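In the two assemblies presented below, chain A is common to both, partnered first by chain B and then by chain C.
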Partner chain A sequence: MSDLALIAGLPEVRSAVLGDLAGGFYDAIKEPDGETVAAVMGFLATAVLQAGEHLGLGALRRAAVSGPTRAHLLVLHGTSVMTACVEPPASLASVEKALDAALTGRR
Partner chain B sequence: MPRSSRPPDSGAPENADLTRLVGVKLGNYRLERLIGRGRMGIVYLAKDEALLRPTAIKILSWSVAEAAGQDPMQWFLAEARLVARINHPRVVQIYGAARHGDHCYIAMEYVVGSSAETLVAKSGRLAPDVATDMLLQAASALDAAHRSGVVHRDVKPANLLVGAGGVTKLGDFGMALGSAEVGAGNAHVRVGTPYYTAPEIWRGGAASPASDIYSLGATYFQLLTGRPPYPGQDVAAVEQAHLRAPVPDPREIVPDLPASCAALIARALAKTPRERHASAQILLWEGRRVLQDLMPAAGAAGAPATEARAGRSARPPRSTPPHTALASGPAAYAQALGFRARPFSLAIPGEAERQVEPLATLLRRLLEWARGDGGNVLALTGTRDSGRTAVARQAVGELARDRLALGLDVTVERAGRSVLQRVCRAAGVAEEPSEEASVDALLARFAEERPRRGTPLLVLDGVTVPHPSTAALARVVAAALWSRSFKLVLAGPAGSVDALGRAGVDFQGEAVPELPVPPLDRVQVAAHVRGWIEATLAPDAPPVIYSPDALLLLALRSEGALERVNCIAENMLVLAAAGGARALSSWHAWTASDGERWSHASPPELPRRPERWPPPEVIDVIDACRRGAGLPPWPRGTDG
Partner chain C sequence: MDTILQSLLDLAGVTAALVFDGAGKLVAHRGHGVYDRPLCEQVSATLVKATDAVALQQRDWESLTAQFADGKLLLRNLGATGDGRSHVLALVADASLNPSFATVAVRVAATKLRKVLEGGPGSSATDLGGSRPPPAASSSQIPPPPAASSSQIPGDSRPVLANSGLSWSKISSVGLSRVAVADPAAGAFLTRCAKELARHVGPIAKVYVEEAVRRVSADAPFALAAAGPLLEDLANQIEDPDDRAKFRGALKNG
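Our next item is the complex of A and B:
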């Protein structure tokens, strides 16, 4: 099972997209417009990376943006950017935890 | 002058009906038709039965002249002498003045056509280049008048007579008598038409060249927008607006107008004379620069996509249902997305903030040639939408900073004017009766410029064969080659110089160097799009995001031709604005037209994005693009 499928398999995750920092679109699960999501998340990831550098965070791993009804979790690995749409936003923490556990177990 | 000064044999009653003189013969002139009424008299079209030419006959209206306290004959003769001493092709020519029985009349050149006022009334407003061309011609006429010591005092659209080929002449110097010796006593009488009258005149000041410049500025405003700058309900309101209201920005009425048009108006309509153009000649020079800005963008606005487009993929049908409409064209979508100016227009924001390699290299080579001592004729070759026009335009703009640099789009005959006529006009040279004399005048102008500011440059863009003005082109080429007083760029498709040679244009055995406009590769296309968006997006606006696939498809569809890139990219933004989105995807790049500017449609019917995108056939195209860029294929197994 790919990382994308792993993320998308979490019950609170509505959809997931795999892209890169340049906004390139590589894969999507349950997302009808993966291309746009990848482009936007590539843009966001690049900006967040720069912000992380300014804040001295080192190699950035995750970022999240949250709205009233849903949130997006951004997972960076090298130049790859994985995005999970989480609903409701309150589930963000549990998704992150599950993701950590799953990815740790795989590595 | 007392009323008794009327000629003793006149016998004309105060209310003589001067409108019923059709058929009457005054001297050699047979009155044929009433064509106008001015403050000073009635104007008839007449036939000069000696010279067999149409002539305008202006017959004095007695009461008006007497009300002004002038001897009617002296008044009329004064006007005739005034105008007669202005020897300029853009001033309505006076053939003679005489008295015939009860009637004093002036025989004048009859301009076949309409007044600018009529043209504006018919079409709402004039195209900026047409309006600016009229401004230039009127400024040229005013300059000649002022140099002759004559202040017109009633410059307005109705007094710009537009004849065949757009030749515009300044007429009706009837109000100019204040500046003549006869009317010196009336110099402070407020004259003119309220919509165009300068503030100092409203304050009771004397008419001056500066007040003429103001009136011409107000006229230009009306030509561009269709209404005067201060359209008040009554004279008092108009007066107050002229005196106190800020100078209106014509772009609030016509958002597409270039800033240079607005800047010219702002200066001409300044409240105090010293803030205006120092002379009509200065106005003429500034107007010429504005006209350069307005050099039509080949391919920019609905240019037919006539070039072969080998290898292009099938396009989706345009019959998709209407999605939404933008309220008012380019300004609306630019505003919706937060652009400072309309992106992807040839009107470059600020100085050329972003230059695209290899076009920047091409521009540098062109500038080096123009500033160097090499040959005098060069060919700039490329398809119509290759970016040839953008390069030519940037070269003209760059060189205009230190020398006379003129650019003309000769693709299309403009209102029957030949290339030579248009070059003369752009150079501020009065057209002479013959082409030979026009060339002489043009060369004199270039020769005058050359030692002062360097060799002038003339760019003729859109040189094709056959061309309606091949003979005129031949004259211009010959003039460049034998006089060496200016440099000439012939911008056209590849092979146009050879074709001109075959059509009889004599290059005098000189090899004409050629600068071909290269196509942009996908990396350059992407850099161009990113650069332009960054350059024109307002600093406080949210970003516009584009997917790599969108840029790949854009590069594919445009085939690297700059103008096609611009057209597609602009239409992608229009689509995004209409959809309330700020992200450009492969759907935008696939759907956006490469032939028409959707932002110009009023309002356009824009395609709607389908539920599922992309369809398999588009994925095939995207995959081909991705392979070329070294990217993995589109995820066909996507679980949408």
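Our next item is the complex of A and C:
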């Protein structure tokens, strides 16, 4: 099972997209407009990465955007960016934890 | 606003706290060590690209948390003020940050900052304590530095003073009313600093001087013994090297 399928398989994850830091689109699960999501999230990850470089924070590992009805979780692997749309946003922490456990087990 | 950001900076693990607007312009900042104004301005300009991208995907976003190898970056959307300008609070932290405490502290700070930005008590431009010029100066036409006789204090600035713990002593004719000085000579020096700095940075100069005094003389009234560090601190607010040298020269020779 790919990492994308792993993320999309979590019950709180509504959709998942795989792209890269340049905004390129690779794959999507349950997301009809994966190209747009990949482009936006690639740009977002790049900007946050640059800010982190200015601040000396090292490599960006993940980012989470939260709102009243949903959240987006970005996980970086090298230049790949995986984005998961989480609903409800309160489930963000449990999704991160499940993802950590799953990815740690695979390494 | 400075007081609110300082309260965040007091949190264990936090290395800088800043507020920037929707144009990526730094409004206010507080930071340890290397997290000075130029760096925070650079970071603000970069982070606004990130928040613009977030808004494309999730217009109602409230917070963004980024986990790095050596620290964290927390952004909180402060929303738009009456004039339509949006603002974002950013917190920079190292790995020792307690995420639970930080979440609560950021929420509290965001609530207070919204009140200040929306025109609550102490919301005048001089109270923002940062790099944003007064709203009237937001266009390309920048008003001249305050005249020597214009020492009128904004009526709504006192509530913030009451909370800041800073003493209230009128020391100069350029509105430096929020810093304490050891003697009249020190007050006169600050006045000269503000006037000279205003030649290079405009009317925001007096805010810069107030902030610099707090940095170099945080625990005691400003005295001439701290003139050297203050001069260097203020010189760093001037981007152009030639202007910086002129500023230093004018005050050292004056």
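Here is the rule we use: the second predicted complex is superposed on the first by the 107 of 107 C-alpha atoms of A that agree within 3 Å, B and C clash if a C-alpha of one lies under 4 Å from a C-alpha of the other, contacts with A are read in each partner's own complex, and residues count from 1 in each chain.
Definition applied: contacts are C-beta pairs under 8 Å (C-beta built on N, C-alpha and C of every residue); 3 or more make two chains touch, one makes a residue touch a chain.
Owing to the predicted nature of the structure, the values given are computational and were not obtained by experimental measurement.
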**Asked** Who does A:Val13 touch here: chain B (first), chain C (second), both, or neither?
**Response** neither
**Request:** Examine A:Ala51 and indicate which partner it touches, taking first as chain B and second as chain C; both and neither are also allowed.
**Result:** second
**Asked** Should A:Val86 be classified as contacting the first partner (chain B), the second (chain C), both, or neither?
**Response** neither
**Item:** When both partners are placed on the shared chain, which of chain B and chain C touches more of chain A
**Value:** C
**Prompt:** For A:Val95, is the partner it touches chain B (first), chain C (second), both, or none of the two (neither)?
**Reply:** neither
**Item:** Contacts of A:Phe43 with chain B and chain C, given as first, second, both or neither
**Value:** both
**Request:** Would you check which partner chain A:Gly23 touches, where first means chain B only, second means chain C only, and both and neither mean what they say?
**Result:** first
**Asked** Counting only touches as set out at the top, which of chain B and chain C does A:Gly34 meet: first, second, both, neither?
**Response** first
**Item:** Common ground on chain A, meaning residues reached by chain C in one complex and by chain B in the other
**Value:** 40, 43
**Request:** Spell out the residues on chain A that touch chain B in their complex, using ranges where they run on.
**Result:** 22-36, 38-40, 43
**Asked** Which residues, counting only chain A, touch chain C once they are in their complex?
**Response** 37, 40-41, 43-44, 47-48, 50-52, 54-70, 72
**Fill in**
So, in the complex, the side of chain B touching chain A is made of residues 543, 545-550, 583, 585-586, 611-613, 631-632, 634-635, 637-640
**Item:** chain A contact footprint on chain C (complex, rising order)
**Value:** 16, 34-35, 39, 42-43, 46-47, 49-50, 53-54, 56-58, 60-73, 92
